[in-house]
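Below you'll find the structures, each written out as structure tokens.
Presented sequentially are two complexes of chain A, the first with chain B as partner and the second with chain C.
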Partner chain A sequence: MALKRYTKMEYGSPDEMVFGEAKYPVSYGLGQTVGAGMVIPEVNFAPRPGAEKNPETLRREYVDYITKDVLDRAITLGFPAVQLENEHVFQMVNDPEKFEKPVVAGQKELMQKYHDEYGIALSIRHTIADPRLAEEGLRPGMDKKHSYPEKTIEAFEVAAANGADLLSVETMGGKEVADYAILHQDIRGWLFGIGYLGSLDMEWIWPQIVEIAKKNKVRAGGDTNCAGANTSMFMAGGYLDKDIPRTFSAVTRAIASARTLVAWEAGATGPDKDCGYEGPIVKAIAGKPCAQEGKGAQCAHADLMGNLIAQVCDLWSNESVEYHPEFGGSSVQCWLGNIGYEAALMNTAKQLKQDKLLRDLYMATDRYRSPESFILAYDNAYKIGQAIAENGNDIYLRAKLPA
Partner chain B sequence: MIDLKSVNYDRVLRRYDIQMEARETPEDIAAKMVPQDPVLKKIAEDVVFMRYKNVQDDVTAALGTFSPEEIIDKGLVKGMDVVSELYGRGIYYLPHVMVAADAMDRGVKLCESKMTGAREMKGKVVMHVAEGDPHDIGKNIAAVLLKSNGFNVIDMGRDVAVEDVVQTVESEKPQLVTGTALMTTTMSAFPKVADRLQEKGINIPFICAGGAVNRAYVESYPMGVFAEKAAQGPALANKAAEGWDWRKLRENWDKLTGGA
Partner chain C sequence: MTAARLIEEESKAGKLKLSKHEQDMLRRIITDLSALPDEQGKFVDQCLKAYKDIPMFNPRNYDL
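This part shows the complex of A and B:
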């Protein structure tokens, strides 16, 4: 399948970009439209250890506890639209029929009930686990021990056929070199691993995901370089951390953007994944909606751009939280409240035509907090996007020049 | 875009990292710690300043005067001690440690090839990443730090089945086993490993770490000892090699690791 390379920017200037609006909005799920004038909270969760004991315990955790809690809280707080994200655990990709299918189907059944009863717009992103191991082989027929490449594709099929609205993945291609490159501060290694090998792997997997989505009349969302650029960012850490330089991490992010873009070039419609902090860059190039996470994801990690990264988001996420009780309800309820109220603030700003002011306030608070936040400020993200688009047909150069 | 010129950023954020930037240089600290003997000093400095291309020539030259054991203990390891100090003070970053460890490793291998018997190590560690989990960067960092601290590391890689861990521990008889995992549903392999090892009568410390792993979880099963960061590994391993059991490691965890 031929990929449509981006060789020019879909946005004419950085100022055209704002949260809750994309050049190409996307509709899916139960009355959900993303990027058409609203920011939607996207709540993500992880089951408790031991929930994976058998298919029924896992289904119960995801459906009867987590999904029900989320939906109840969404109605309780009056949120007009919510997206759920289920980042699949290993067992769901290792045995999709037994572990994945009942969870996917059960979540959708419950969502349909709430949608029918309350009219709330609902959708669910299923993010398939990518357990492929480079040492065993990343392509079908190579991994004789686990058959992970085959199982990964099968897991997409099962999700799409049983209730997913949006398909995503955090692909691992290029990590076999990138981890070494991070630990040795080897930017050339990173460029080769993530910029080149990673993009090639994306060119293999994403046309298949898009095809599966089309066949099942659902959406292929997008990817993230979580496995690479976020490893780099979290190791760079905050002001007490000195594992890798934050400037190095910023450069790895710029390179990773060219890789993330491939999913959309293969026909995915967006929204991409929340943990792709490169979202502002790829949105500037392609005009597709992006999901982001920041201050509402402190349950999962600390970052140095908690406000800034909201500047041009279309979905606002909590990244992930383990299901457990808090004083204010279950963890998924508390963090949905957090991101849902933030989305309400953004949507009120839109209604009052103050959205660009709020965008700039988000950006201004963190612009100088770290090198990575500086390059992701929407004006600078746009410039990085231009460097990628100017060399859009060459996956090596377009990864190198933004750096 | 809004004009930011009027923003007083002191009211918005404080760059403690810049404020706390160390004034001492690597050279200042190395000068206080490297050996006095010029031959050994040169070898130690090869490690500190990551001159991995020089280290083999300098070790070869030193072998005319010193035994391989002396070169390792009084040259290469002393250099790595300086690197650990620089990393601990936040002057060196982790990549400095990795490249310095590569340099030390080259020198150690050359010395070992000249030794008549096996090099005496502090102990043996079996390391793995939990079944179903491909995330191994933390384990890889810990492995380098443990090797640099004189441990023999048996690295089983990632996505390792419970039974494979148990068999390897049974056959290798280490003083310590480690497991890492990023996800909540892969870290649940740890209690299974602990149970199976105990069934076999093995009762060594089992250091567990990783993204979703926490101290309360690790201490909920026998043998488990939590590590928050890879850099805590050597302190825990040193005590395990001295004979501390997992209960004693847990009791003294705050002191050994500098708190959670």
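This part shows the complex of A and C:
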């Protein structure tokens, strides 16, 4: 499949961008539309260690406990729309028929019941694990030991055929070089690893995901450079951390944007993945909805742009939380409450026509907190997007020039 | 070098505070990126030589 390169910006100016609105909204799932005037909370979770003991224990954890808790709390709090995200554990990609299929089917069955009974708009993103190992081979036929490239594709097929609404992945291509480059603070190596090799890997996997989605009448959402740019960001850390300069991390984010864009060039519709902090940049280029995470993801990690990154989001996520009890209920219930109320604030701002004011408050709060938050402020994100689009047909230049 | 230049300008304007460590890195990034060729082929040749010994890196994974 040919890729449709972005060589011009879909938005005419940065000010056109705001949370809850995308140029190209996407409908899927049980009455869900993303990017059409409303921010939707996207709750993400992880099973407790040991739940993967066998297919039934894993199904019970995901369906009977986690999904039911999420749906009960969404109805209790009166949220009109919720998206669930299931980031698959290793067993689900290693043996999809046994471990993945019952979970995917069971979650959807329960969601349908709540949708029918309460009218809540629901959808679920299945983020397939990418266990491919560079040392064994990233392409089919190369990994003779585990067959991970083949299993990864199979896991997409099983998810799409059994209840997924949206397919995503955090691909690993280029990470072996990018990790080396981070440790050596070598920007050329990082550009080669993520900007070039990572884009080539995306060009291989994403047309296949899009085809699987089309065949099963579901949506291919998008990717994230969690494996690369988030590694930089978290190693750079905050004000107490001195190992990796935050200027290095900021520049890697700009490079990563060109890689993440490839999924949409292959025909994915969005929304992309929440942990892709490059979302404002790719949304500025392509006009597709983006998922983001920030202050509502403190259960998973600390970043230096907890408010700013909400500025142009279409889904607002908690990143991921391990299932466990907290004072206010189970962890998934508590964190759904957190992101659901934030989405309600954004949606109220839209109804009162104060959304651009709130967007600018979010942005101003963290604009100068770090170099990375500064380049992701929507006005600067737009400029970086322009540098990508102006060189859209050359995967090297479009990663180098926005850096 | 859009991102690096944006950071540099805002730092010079005094609004974005950077430590010396971060400023040094920024200067190094600008120098390193400025030294790169404009042609994709030259860049790839350069990198395949420079990074061939990175453990786990196999150009065949990318059809190179």
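Please note the rule applied: the second predicted complex is superposed on the first by the 403 of 403 C-alpha atoms of A that agree within 3 Å, B and C clash if a C-alpha of one lies under 4 Å from a C-alpha of the other, contacts with A are read in each partner's own complex, and residues count from 1 in each chain.
We take it that contacts are C-beta pairs under 8 Å (C-beta built on N, C-alpha and C of every residue); 3 or more make two chains touch, one makes a residue touch a chain.
From a predicted model like this one, the values you see are computed outputs, not experimental measurements.
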Tell me which partner A:196 touches in the superposition: chain B (first), chain C (second), both or neither.
second
Quick one: is A:264 in contact with chain B, with chain C, with both, or with neither? Answer first, second, both or neither.
neither
One more residue to check, A:245. First (chain B), second (chain C), both or neither?
both
Looking at A:48 after the superposition, I want to know if it touches chain B, chain C, both of them or none. Which is it: first, second, both, neither?
first
Kindly classify A:135 by the partners it touches after superposition: chain B alone (first), chain C alone (second), both, or neither?
both
May I ask you to decide whether A:188 touches chain B, chain C, both, or neither, giving the answer as first, second, both or neither?
second
Which partner does A:362 reach: the first (chain B), the second (chain C), both, or neither?
neither
Once the shared chain is lined up, is A:374 touching chain B (first), chain C (second), both, or neither of them?
second
Name the residues of chain A shared by its contacts with chain B and its contacts with chain C.
133, 135, 185-186, 242, 245, 368
Interface residues, chain C side, partner chain A - complex
1-4, 6-7, 10, 15-19, 21-26, 28-29, 32-33, 36, 38, 40, 43-44, 47, 50-51, 54-58, 60-64
So in the complex, which bits of chain A are touching chain B?
14-15, 46-52, 89-91, 94, 131-133, 135, 146, 172, 175, 179, 182-186, 227, 231, 235, 238-240, 242-245, 322, 357, 360-361, 363-369, 379
Per the contact definition, I'd like the list of chain B residues that touch chain A in the complex.
1-2, 4, 7, 9, 12-13, 15-17, 20, 87, 90, 92-95, 98-99, 131-137, 140-141, 157-159, 183-188, 212, 217
Given the complex with chain C, which residues does chain A contribute to the contact?
133-135, 137-139, 142, 173, 176-177, 180, 185-189, 191-192, 196-197, 200-201, 242, 245-248, 250-251, 253-254, 368, 371, 374-375, 380, 383-384, 386-387, 394-397, 400-403
